[in-house]
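Across the two complexes that follow, chain A remains constant while its partner is chain B and subsequently chain C.
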Partner chain A sequence: MPLPANSVNWAAKVLAVTGKDIISEFRTRFAVNAIVMFALVTLTVISFALGVLQPAAEIMAAMFWIILFFAAMSGLAQAFIKEEESGTALILKLSCDGIVIFFGKFLFNLLLLIVLAILIVPLFIVLLNTTAENWLLFIAGLVLGMIGLSGATTIIAAIVSKASIKGALFTVLSFPILMPLLAAVIEITKIAFIDGRFSDAAAPIQMLIAFDVVMITLSVMLFDFVWRH
Partner chain B sequence: MLKLEAQNLAKHFGTRKVFDNINISLEAGQSLAVVGPNGSGKTTLLKVIIGLVYPSRGDVTFSKNGRKLEFEQYRKYLSLVAPYFSLYDSLTAGENLRFFAKVSGHVIKRIEQHELLQQVGLEGRGDDFVSSYSTGMKQRLKYAVAMLKRPKILLVDEPGTNLDESGKEMAANLLNRLRDDSIIIIATNDKKEYALAGEFCQLGG
Partner chain C sequence: MWWKFLIYLVMTAVIVLAFITASPMNPVSSLGGPEVYRIFYFHVPQAWVATIAFLMAIFFSIRFLQTRRMDYDVKASTACRLGLLFSILATISGSIFARMTWGEFWNWSEIREVSIFVLLLIYGGYFAFRSAVSDEQTRAAFSAVLSILFGVSAVFLIFILPRIYPVFSLHPTDSIVNGRISITMSPMVAIIFGLSLVSFTALFLWIYKLSVEIFTLARYRAGER
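Moving on to the complex of A and B:
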């Protein structure tokens, strides 16, 4: 049998890793079930607890991101934990570059977060009887926040995947790293809830873009070492 | 010409010495059997050679035409068959082959996939989920995944694990086919499998 031509570009390899995770997730529903159930339960509990009360925009913004953050914590770590626990990590390490795996997993986590956002944004608005007054700003904050959240959780998941108490360690490690991101997205979301303009949210938006760039750059630089050893 | 050299390799876990003073020099076309009883460090030595475990002392170097290769470079030439890793249970055998081919940089055609599965005795089972495979069939599929790259460096830990007689024969045939232009390292404590290699490295006394 002839050696097949080396004809797969970098992006196609990344998409192969993401695609494999999507197919695997679709068949096992390992992460989606945990994320969606957490988000639904939390939203319902908050909705019942608040009743007809209408909290201030900053409290609404904080609640929205708390739900998104902890729902993400319950599922995003699976990207690497599943590879370690099912024994597939070793062959994956030997099959492709670390950077391909990082971006493949990053993209998969980002897709999970997008699915989560598509589910919880309408529910949040309906159940808590609120709405974003500046939707463009709200979506901009959401997208930048999800990119940072996905970047940070992907590298942290790779770090904790070899530990014995993975779940707890993942949240404990993620929280301080994600604090600047959470502070910035909560501020943007608050401004979006009270019909603020983009210029009002310039500082947190800049902060968020800087966080995303730094987090992804650092992850790219460190991932190979973390993943291999 | 691809070359593997390990000099004065040692590995300790705390105060426990796993192996010491191991020297290996192999070129394409040469094969080595790492032999020894259970716990003698055969698997650890393979992982040190691959670059996934740091040695306590010594160096492992892969070079091509005299030029030293880094992990990302020699990884492309390397395949591993071992009982301590798994393939994706939630994918079919064909999906596993196509996935590993693609991330390794190759496009595998349906006919090539069929040929590979035929070589390892899994013809007609490519659309079955790996979760439905027996342990022996999973081991055969690992050989198929290893052969995807036509590896220039092949490491096999316990070649006959979980395989029946026809499976062991299949494994021996595949190793013999690669023998002429690849570096092959086999870790085993089965005397029949010693014969698959040209040189020996005895661990654990």
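Moving on to the complex of A and C:
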């Protein structure tokens, strides 16, 4: 695994990759549109289907992550598919190390998810009449969950960009890997919704952090084999 | 050759003994009485063999990425294939076991049942991916990466998740979670269980060896190198 020669430049390179993706995203808005519209539609369907019913807070926590998960599945693969389709993948491979590309794309996906969360959380609270009793815990779970979502799916997105049925394959391959993350993060959100304290959520938080670290480390180690193929 | 007969003998002995000796557990509650627990002699070794298979797949995938030799790709994918097969068997036998002891064929709040289901999805997805890529080198390289990622997730699911959520586990927690093989197993039960474990592993290795030979020959036949 090649180490970057100059660490000061390394961070700048990563931000350059992310910046390039943000700029090209501003121009076409494919991924953002896909993610946000998907989440909005799912939220609307759930709200409409529930009608006057007011399910328990635990169920709402699970719904929140269903929306986030499927929105992520619809939009996060775009980061690499767009490279393949516009023909810029080769130039990208020639210009940077694998690790730089990985972190650049990882940060871009994370940013997409943050934008999504900023839009969806208020709508979720308004439409579905739920509030998080313990905001700090909710945000903590959200941030850790998004880091894990982005971290685990970036390498899968790179793998899928060379296969044939990209969208379905991305979801099929990502879900099982994300299962421990979903279990932990739904648990944390449930506790946050019903006003638990941080200490109640200690076990899932530890597992979430462990999952994030393991998945990102593994992805960094394996990314070069996918990218430099 | 002689070891094949040994496998035949030991496995036959295990199957016969599993049914004629005393049942392994005195149940607190079960729909079929103590007889039901005999499936334990078969269910646990299947799950054990599936885990070994997935760990072997990780090893061969790493070797493939280091050396780029196609025979490691054949070995890794065969290990995944057999791992999937034994996971399916473990799921079926577990489901029957669950119906007779806990009352339902499937229970989503049981963490190990969820884990084995996700394992099936994982390795099903692995083969879905393999069939979606036509170029051989790409397929081999990406499958290797996937099987390492999936193998680590499988470790997470099998070993770590049930220990974090022992509350959601109907499986006996003191022998699985804490690693102490239950001391209440009588010597006869321990012997039969041990023999079953060994013979299932030997059977798996035999099937594995045959499968690798078949796939390698198929590749030579097809003219690839």
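Operating definition for what follows: the second predicted complex is superposed on the first by the 221 of 229 C-alpha atoms of A that agree within 3 Å, B and C clash if a C-alpha of one lies under 4 Å from a C-alpha of the other, contacts with A are read in each partner's own complex, and residues count from 1 in each chain.
Here is the rule we use: a residue touches a chain if its C-beta (ideal position, glycine included) is under 8 Å from a C-beta of that chain, and two chains touch if they have at least 3 such contacts.
What you are looking at is a predicted structure, and each value in this text was computed from that prediction instead of being measured.
Once the two complexes are overlaid on the shared chain, A:A203 sits against chain C while remaining clear of chain B. Of the two partner chains placed by the overlay, neither chain B nor chain C lies in contact with A:I125. After overlaying the two complexes on the shared chain, residue contacts for A:V115 are found with neither chain B nor chain C. After overlaying the two complexes on the shared chain, residue contacts for A:M37 are found with neither chain B nor chain C. Of the two partner chains placed by superposition, A:L136 touches none, neither chain B nor chain C. By the touch criterion defined above, A:L173 reaches chain C but does not reach chain B. When the two structures are aligned on the shared chain, A:V45 is found in touch with neither chain B nor chain C. In the superposed pair of complexes, A:A16 makes contact with chain B only, with no contact to chain C. Of the two partner chains, neither chain B nor chain C is touched by A:V213. Across the superposed pair, chain B and chain C both touch chain A at residues 229. Taken together, the chain C residues at the contact with chain A in this complex read 65, 114, 118-119, 121-122, 124-125, 128-129, 132-134, 137-138, 141-142, 144-146, 148-150, 152-153, 156-157, 160-161, 164-165. Chain contact summary for the complex, chain A toward chain C: residues 155-156, 159, 162-165, 169, 172-173, 175-177, 179-180, 183-184, 203-204, 207, 210-211, 214, 218-219, 222, 225-226, 229. Of all the residues in chain B, the ones that touch chain A in their complex are 50-52, 54, 71-72, 75, 78-80, 82, 84-91, 95, 99-109, 112, 115-116, 145, 148-150.
Listing the residues of chain A that touch chain B in their complex gives 1, 3-8, 12-13, 16-17, 20, 23-24, 27-28, 86-97, 100, 228-229.
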